[in-house]
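One structure is given below, represented as structure tokens, and several questions about it will come after.
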Amino acid sequence: MSLEVFLGKARFRNPLVLASGTFGYGLTHTHVIDRMGAFVTKGITVQECVGNPQPRIWDSRETVINSVGLENVGLKRFKEETLPLIDISTPLYVNLAGVDLDDFRILIESLSDEEKIAGFELNLSCPNVKEGGAALGQSADRVGKVTSLARSLTTKPLWAKLTSNFCDVRETSKAAADAGADALVLINTLNALVIDIKGRKPFLGAGSGGLSGPAIKPYVLYIVKEVSRQINIPVIASGGVTSGTDVIEYLLAGASLVQLGSINLVDPEAGLRILEELKRYFEQEGISPAGIIGRLEER
Amino acid sequence: MSLEVFLGKARFRNPLVLASGTFGYGLTHTHVIDRMGAFVTKGITVQECVGNPQPRIWDSRETVINSVGLENVGLKRFKEETLPLIDISTPLYVNLAGVDLDDFRILIESLSDEEKIAGFELNLSCPNVKEGGAALGQSADRVGKVTSLARSLTTKPLWAKLTSNFCDVRETSKAAADAGADALVLINTLNALVIDIKGRKPFLGAGSGGLSGPAIKPYVLYIVKEVSRQINIPVIASGGVTSGTDVIEYLLAGASLVQLGSINLVDPEAGLRILEELKRYFEQEGISPAGIIGRLEER
Amino acid sequence: MKRHQATLLENRRLGPGLYSLQVEFEDLGDVEPGQFFEFLTGARFLRRAFSVADRDAMRLRFVLRVVGKGTAWLSQLTEGSKLNLAGPLGQGVAMPSEGPVMLLAGGIGAAPLLYLARKLNEQRVEVDALLAAGTKEELILTEEFGSLCRKVILATDDGSCGQKGLLTDILPALPAINDIQIFYACGPESMFAALKRLDLGKPLYAFLESRMGCGTGLCMGCGVLGRDGRYHRVCTEGPVFNLEEIEL
Amino acid sequence: MKRHQATLLENRRLGPGLYSLQVEFEDLGDVEPGQFFEFLTGARFLRRAFSVADRDAMRLRFVLRVVGKGTAWLSQLTEGSKLNLAGPLGQGVAMPSEGPVMLLAGGIGAAPLLYLARKLNEQRVEVDALLAAGTKEELILTEEFGSLCRKVILATDDGSCGQKGLLTDILPALPAINDIQIFYACGPESMFAALKRLDLGKPLYAFLESRMGCGTGLCMGCGVLGRDGRYHRVCTEGPVFNLEEIEL
């Protein structure tokens, strides 16, 4: 039973995607990466970025809050030092984290010709940076502008990763689709604040962070269903997946691919387990992933 | 040590408020209600409302999803049958759930003169109804209009209960404040979908529901901090409180009052426990709730 | 609502996914058949409801079937564990003034009916029981019913024990049925629907289940649709309803 | 990263909030001092990291201090419980070519240093230990160190056992200090900062802690700021760093 999914002409051997920021640059655990549908790098910025002060992680039973920030090697080192080391058989998507149009121009111009790179995920949504990120992604107008620019600079697949924080993600989704994105990634982490009441200050070094993990799954499912019914390009779900059942829920809700994020932190081989669960399901049902995308019935 | 808090001239004996929909009409458990700062009824609609089909409840370890819908006795029976039975010493706020301006006009005109009622919570945010509710509350313009109308019809305190679903709650907050709301209630439940993969249909009878519970606390804390710093009227927090610590976090983030919702379902006396926890904290710290509101330090 | 810190004295497997829990209370008032307790679990935010299946002094028995995370968590508790319980909740069942009565149990539905059998027995009301389940392994509490009832009829869907067939297939043909004054039934929704269609001509009290929010009448989460078109709270107005009065 | 289903053989209280866990593995390769395991708990989503404190064949010892929900959950496990572990993780410490070396332990910091003492002892490197804690009750593993070290110096903040004062107050005045070739230290951040100020003139390896996301180098959650202005991953580049190379 093949689990393959196509987004336009791009083929994915199964619907599982390792989410940005939760699997590094793809230099380790390649036995996992090589079994997945796609892999997305940590967000890359134009300049090397040292990231946020400690502490950077907080968790509850069903959530993770991170404020890693966009710690990354920066465009130059990524291109010269990291990219040559990446040795995977799975489509490589690079998460691009720009603050403004110029950043995105520089990033794409520099990376667009790299053969190793299958496509780009435009990070229009990171809540862990002061400029750009979420702010950019909260305006349909700016989402449209960045996507248009990116579209004009590359023929590679473009995924627009959006936020639902302080905006109507249906509108930003439409803007990204109209501007030529190949797919929407819904959603990045939710803005989140943890307070240290003794110190009367935020617990995380950066002040606040982004909430992810299983607790947000029903929220993101709702968004995926709404947006995929309204917008005519594929949706890639990101939020709270820990099992094959979760992936199937997202496919039914309308997602074409499904990202694994926080669960990789608990177990870097979670993707392999989830893949087995999917295989079993699709074999038993005698159906393919493509056959259930968006097939949620009404009540 | 007094725990009292004032919102304008309205006095609350402590910052705890029993949230709408989680404590019925205030006819039972009055020994709890009488110790709280305020009590909010289930949402009242113009017509009696039968609510949504079963199942109506789903939960995980840190979330509750409900699709009760606005099951309630309706304005007429509420006024004639229920209100006379309510016998509490705590300020009674009635949650008003209208679909349009007319509904709110009818509700307020009918109830504004009731002496037993201390004030109104305008439900501009319920995700469990097809019309009105969230849709109304997602537009700053309509939030402003409803609030203005309500303001013109009553001198009683008006709380605008808002949503963060598919909108910028900073904008709807501003609209409500500009239109004369006395306080903002942040936030109502998040849109949420649970899928029954066997039936390939939504698990909840209504199709989708509203997500609440401890997992959303860091998300709502962030919103409360953002909005309370930008908007000049008091903020009432609602989201995931289960302990005195949570209440203190919300006060530090900028809330003046804090609602208890889902935790009442686990233990209708949770309010009493949380009140004791607060007392202990404020006694130890030798400070009053009013003394810490918004006193979160920057990192 | 009273909360309890109680102790698990025994956790015994009765069959596939079926467990019997003996719980010792420090303090316990009257408990009526039909009433239930809500258990806090480490696996879910809300409490889980279980009917009282039997009582011996300060000990209550609960019988549970694993259907999800909360019941799985409870089924794995070891003896001596502390339990956080709330109850008794709900209305006790209306006791009959005279018998004979018949108890109709589908699967785990036997649990609350056992306690009712105990009470009927104490009040010397004659009681028969028809216990049905999918398979022999799923037929539970048969001995206990045997010691309390005039007659116990067993049935399984696959015929592996007792008569073969659904409870509602077997019931109409039972000779005992004619002098029964009241029926009490507990089982899956499909069983109640079939019972309704049988139209037995005598009062039938249905012990209902429903996904609960609060268990204490506050949230409207548990409503069952009545013939009056309104939802009635299973937790405070029930869990036992006259089958006539509800829509299925 | 290797995952294990291991069995808790013993859970013993050592002092206030301090527990010693003996864990039996089915399959265990080399484990170096400084390496750690990540424990899944029922109380938090992410795993929790604990250093190997000792080893005996297929049994590892961990010593933990309760500071939050995850550690509280672990501390309440009863013997026979199954544990979901990942490890060994991190780099083992660079072993010295010659001694004597000195181990500097603040509180729970004694845990990983005990296993180092064991390994040094096996390699016949002379080792002294300075064990400090707040109070006598918090001084742990003193006997174990006693059997492995040339000399063990005890200190408590309140003087209730051994010398009175902070580890960094006592250290400079110790006669033994002069011929020490390498120091290994584990304790709270304030201790490392004070050690840095002492400037002992010999290499000092710091066993660091940090809030971890993945423990496997994927998330950048655990970074410690290096003197090069970059964050270094405690989980894969550490957890042991030359004190010189990190900012505190």
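Per-chain residue numbering starts at 1, and chain names A, B, C and D are given in the order in which the chains are listed.
Rule of thumb we're sticking to: a contact is a pair of C-beta atoms (placed from the backbone, for glycine too) under 8 Å apart; a residue touches a chain by one contact, two chains touch by 3 or more.
All values derive from a computational prediction rather than experimental measurement.
Undergrad: Would you kindly count the fewest steps from chain A to chain C, each step being a jump to a chain that touches the current one?
TA: 2
Undergrad: With centres defined as the mean C-alpha position, give me the chain C-chain D separation in Å.
TA: 54
Undergrad: In whole angstrom, how far does the Cα centroid of chain B sit from the Cα centroid of chain C?
TA: 36
Undergrad: Centroid of chain A to centroid of chain B, CA atoms only: how many Å?
TA: The computed centroid separation for chain A versus chain B comes out at 33 Å.
Undergrad: Which chain B residues touch at least two other chains?
TA: Each of 53, 58, 60-63, 214 in chain B touches at least two other chains.
Undergrad: Please output the residue numbers of chain C that touch at least 2 other chains, ranges allowed.
TA: 42
Undergrad: Which of line, ring, star, complete or other matches the graph of chains that touch?
TA: If you draw each chain as a dot and join those that touch, you get an open line.
Undergrad: Dump the list of chain pairs that touch, please.
TA: Chain pairs that touch: A-B, A-D, B-C.
Undergrad: Mind listing the chain C positions that touch chain B in their complex?
TA: That would be residues 1, 3, 40, 42-47, 86, 210-225, 229-231 of chain C.
Undergrad: Please name which positions on chain B make contact with chain A in the complex.
TA: Where chain B meets chain A, its residues are 53, 58, 60-63, 65, 138, 164, 166-170, 190-195, 197, 199-202, 204-208, 211, 214-216, 218-219, 221-223, 225-226, 245, 248-249, 252-253, 292, 295-299.
Undergrad: Can you list the chain B residues touching chain C in their complex?
TA: Checking each residue of chain B against chain C gives 21-24, 28-29, 42, 50-51, 53-64, 66, 68, 71, 213-214, 262, 264-269.
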